[in-house]
Amino acid sequence: MGRKIGVLTSGGDSPGMNAAIRAVVRAGIEKGMEVYGISRGYEGLLDGEISQLDRSSVGDIMQRGGTFLMTARSKRFMTEEGQAKAAMMLETFGIDGLVVIGGDGSMRGGLSLAKHGITVMGVPGTIDNDLGYTDYTIGFDTAVATVLDAIGKLRDTSSAHERAVIVEVMGRNCGDIALYSGLTGGAEEVLVPERPFDLNELCRKIVISRNRGKRHNIIIKAEGVDISSAELARQVQEKTGKETKVVILSYLQRGGEPTMRDRLLATLCGVKAAELLADGGSQSKAIGTVNGRIVAYDLEEALQQKRPFDEEMYDMIGVLAK
Amino acid sequence: MGRKIGVLTSGGDSPGMNAAIRAVVRAGIEKGMEVYGISRGYEGLLDGEISQLDRSSVGDIMQRGGTFLMTARSKRFMTEEGQAKAAMMLETFGIDGLVVIGGDGSMRGGLSLAKHGITVMGVPGTIDNDLGYTDYTIGFDTAVATVLDAIGKLRDTSSAHERAVIVEVMGRNCGDIALYSGLTGGAEEVLVPERPFDLNELCRKIVISRNRGKRHNIIIKAEGVDISSAELARQVQEKTGKETKVVILSYLQRGGEPTMRDRLLATLCGVKAAELLADGGSQSKAIGTVNGRIVAYDLEEALQQKRPFDEEMYDMIGVLAK
Amino acid sequence: MGRKIGVLTSGGDSPGMNAAIRAVVRAGIEKGMEVYGISRGYEGLLDGEISQLDRSSVGDIMQRGGTFLMTARSKRFMTEEGQAKAAMMLETFGIDGLVVIGGDGSMRGGLSLAKHGITVMGVPGTIDNDLGYTDYTIGFDTAVATVLDAIGKLRDTSSAHERAVIVEVMGRNCGDIALYSGLTGGAEEVLVPERPFDLNELCRKIVISRNRGKRHNIIIKAEGVDISSAELARQVQEKTGKETKVVILSYLQRGGEPTMRDRLLATLCGVKAAELLADGGSQSKAIGTVNGRIVAYDLEEALQQKRPFDEEMYDMIGVLAK
Amino acid sequence: MGRKIGVLTSGGDSPGMNAAIRAVVRAGIEKGMEVYGISRGYEGLLDGEISQLDRSSVGDIMQRGGTFLMTARSKRFMTEEGQAKAAMMLETFGIDGLVVIGGDGSMRGGLSLAKHGITVMGVPGTIDNDLGYTDYTIGFDTAVATVLDAIGKLRDTSSAHERAVIVEVMGRNCGDIALYSGLTGGAEEVLVPERPFDLNELCRKIVISRNRGKRHNIIIKAEGVDISSAELARQVQEKTGKETKVVILSYLQRGGEPTMRDRLLATLCGVKAAELLADGGSQSKAIGTVNGRIVAYDLEEALQQKRPFDEEMYDMIGVLAK
């Protein structure tokens, strides 16, 4: 008889989570394991919201955004007592392997369960791309696609009105959504939390580009940058004389059908997680992609890695948008 | 020799304006007229930004959002002096017929030119659908499509988190974007400026739907409703205990490729405007669609018509979303 | 106690059928009726695949293409014996009102049930727009949107290669998909079954447009036109010397999320069908939209109406594409 | 004074070519070079269709499909004489560095120019992903996205009708489009030219999945597989009794807005090409991406590399689609 494993999604949802669940379930069953879905993340785990999944329970979900297991924040799980209780609940169901699909906080939650004897596989599900050990996280590609779609729409109308527009995107500590969408969306300027922000330089560029005949200016600003978008717009408008609008994309970036890349990454990570658990190992791992290959690192060590900022891409924006 | 006519876009841009310009230009040339494009609306008219357009100058633009003639607000044109100067400018170029593509304010601007002897054809280009004399305006269908796309994305993530989300859409005096996207997007509640808003009733519905097992609540709120979205979210969350988020779609609604409906309406209105001018008439008209047919009404009278609110659709939302 | 009614989808599926089902179910229940879903059209009816639907059984389906009740062709139902058996099956379930969502053939099937005492409401679900009594059918708007999306993609690559491309769209007897997508997609030529087709004229236009500097030619051809697309391409290429490719959109046109217009039409028709049945009437009706208003005509008479061809739009293509 | 360099697109167009041109032009100018655009590939080169590009000539093109430089096949260039003449033409314009954006054949064309003293940088622009030296080619990600979109639409309608559908995708020698879209689109079966094809096994799977309650079967077939799609459909339908339809996506796969990945790859390759030429080197290179990093290999050696087939992904489809 194969191992019994569980799978849950936790923290903010991201497009591709369903594809990851599907891969865990189907590859897990193929490997002879029983797979249990845990609803509402750690909160549902504490409440015993656990039920077995078969192949057909994950049919037709790969292309859907969100997560059919739902997700939630759990205050109760943040205490040592909660974590012990959660581990006990898994034990009650005979589950000793768990796939946690989520971001940094969710994986740290998994780590706490690992300390109670559960073998935990972390699968990086977050749009923010803010994990140090993996080049990409599941949902990031889709989130950037949503931003690009928005930039396309805003370019039309900004150009018609000869306006500047500030597009606020997600990213509290990590500017990757801003960086990637800015470079590939043809934004004139990208503001990220990793780099200081110089208002005068920004305004200078806007004035210069207008004088060169450019009709619109798209400025991408990560939410983590230390000025509100409204205030930034006010200052830019005052200094440049150019009408400046703000659009905050907010939760739109979390939804939508996952792109091929996100489905693929989710599928490969999910299969890897199932395989590692089926192999009977007891070491908890963080799964991800490095240099285009699927990797599995020690969970604790992986979470300590710092994410480097891509200077080269950042500098390229200045060169190409001019 | 045919008449010389001008075409301009004015006010907020809307998807389909380019399709309307194309139709005016090509149908106008077909009818033997010379067609001049005026850039930046009335502001550009005052500055003499006028140049002749040929068939190929409007190639490959039909599917683009925005307006390649650009648009602007013009304070100078708001005075009688400005209007006289604008009419004189048209006279200088030998233009005695003008197609104005825009909303209510833009058409009123056209009316003032009509009083100086210009024959003006108003083509309804605005996403707001707030003109009384026409069933639909150019851009409305696309704006609703953009809202539906957003609702689809937000449904994923709201459902995963079991949240309510308030989607703020455009519409200061006219709730049509909210109404149409609410009914066809499956929103639980639609708040429009035409109807009073009852917080307790809204919260009751949210509680009841949660108790019936519904995981997400989508509330569409037109910007003209007399409470800020942030404040509304605060109150809903307090009263229902359900986490409630806000997304403000803002200028996204103005952009994007026009839908078939908007291209079609724009094309039919543009052709009609060109035909009426080619017929040599001197009566200014507002062009639109009533009961599926293209109509041309006296411009002044058309602008006095009040837009009725569609009670039936509004009531249907309550029935169908339950 | 309210009436018991059934709802089925029949014939080729079309985007918006789910929205129509949802409207029938929810408006029907609101009016105090019991609503039964019949799977697989008339075939499922004969097999008694009938089950009661509640409000939540039609949750989250409005935006989905296809039909969750499925559809099928039924040879058995084509005989008088089959029709009598089908009517008896409805009687067995106590159902005396039936909403049939489908095209011409499906509605004729409904008519045969009407003759056995069932009150039938026909809701026009077909992408072909080939029904005489209604201006639009459910799914047509979405099908045209799919064609426009394809034209957009093909324009890119045709323009890069300076090619002509023949896009074959659905429409055996009715050229409306070709007509609407051609006019709003900027096609150079539209071939429809309603009009004779002159190869030399087509080739002349291609040569002239190339000489005028146009890089691509998009030719939309309805499948009902009396020459195969491959043969047409061969002849065009031979006569004009211009490389000519064929793309057959086929079943792509049947799928996809319904547009706002299709969801709206489906919703309004579905509600109307439920209302008429709830009013207790026994006259069978065909529901549709004429001049922008929802109408309900006598079913038999409605099916005898011939669809007129829109000459004006057809001629406009020639003028605007030049 | 900087070097004079040229850029051309050749062979079948692919989404992202414009982004690559933009990057070459803007990074090239930044590095102090003069950049010349050559229209219609090698054919245009022979005809001297060469003109200098500045920053603004590549404005607003990154998001467009196709290639604004156009592309063509050139028989004249296939002879040694033609190649010598082309090299001479470049010399006449003072151009000694050339960026060739295209697939295998286009790069081989570049190699022949390299033998006449031109420094050639090959940038991999083809949707087929069939180059051995690079993990991905520009346009591949977008092509797969187009296939996924089609699969989504076909799933709706296949499911409603309980049909099988064969989706024929591009790929004469390389099954990557089929492989990636099949795995991430949830196809039941993927047929690629790299693997033998067993009709009985395919039919067995269809029967088993039907018996397990699956309503639709999506079969992705690369065009290079040694049976026509129509013939395959006929045989499947005969052997399984399941209605089987064919959709051939054809040139749709070449068009559309490039995805983020394609824009990014194009941008990084284009910048790299410009940098290598600006550095004054005279060695011709093929640029691409290996393990997530941009690489530049000797052009001749790169073209000799065989593309490996991803067995692991291929096997995964069988496991996950069951």
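Here the chain labels run A, B, C and D in written order, and each chain numbers its own residues starting at 1.
Everything below uses one rule, namely that a contact is a pair of C-beta atoms (placed from the backbone, for glycine too) under 8 Å apart; a residue touches a chain by one contact, two chains touch by 3 or more.
On a predicted model such as this, the values are computed, not experimentally measured, just so you know.
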item: Chains touching both chain A and chain D, listed by label; value: none
item: Where chain C and chain D overlap in contact partners, by chain label; value: none
item: Farthest chain relative to chain A (centres taken as mean CA coordinates); value: C
item: Chain A and chain C, separation of their C-alpha mean positions in angstrom; value: 40
item: Centre-to-centre distance between chain B and chain A (centres being mean Cα positions), rounded to whole Å; value: 36
item: Centroid spacing, where centroids are CA-atom means, of chain B and chain C in whole angstrom; value: 28
item: Junction residues of chain B, two or more chains touched; value: 152, 155
item: Chain contact graph, described as a line, ring, star, complete graph or other shape; value: ring
item: Chains grouped in pairs wherever the two touch, ordered by label; value: A-B, A-D, B-C, C-D
item: Residues of chain A that touch chain B when the two form their complex; value: 9, 13, 15, 17, 64-67, 70-72, 146, 150, 152-162, 165, 215, 245-248, 250-252, 254-256
item: In the complex with chain A, residue positions of chain D that touch it; value: 19, 22-23, 26-27, 30, 55-56, 59-60, 62-63, 135, 141, 144-145, 148, 152, 155, 180-181, 183-186, 212-214, 257, 259-261, 263-264, 267, 271, 290-293, 316, 319-320, 322
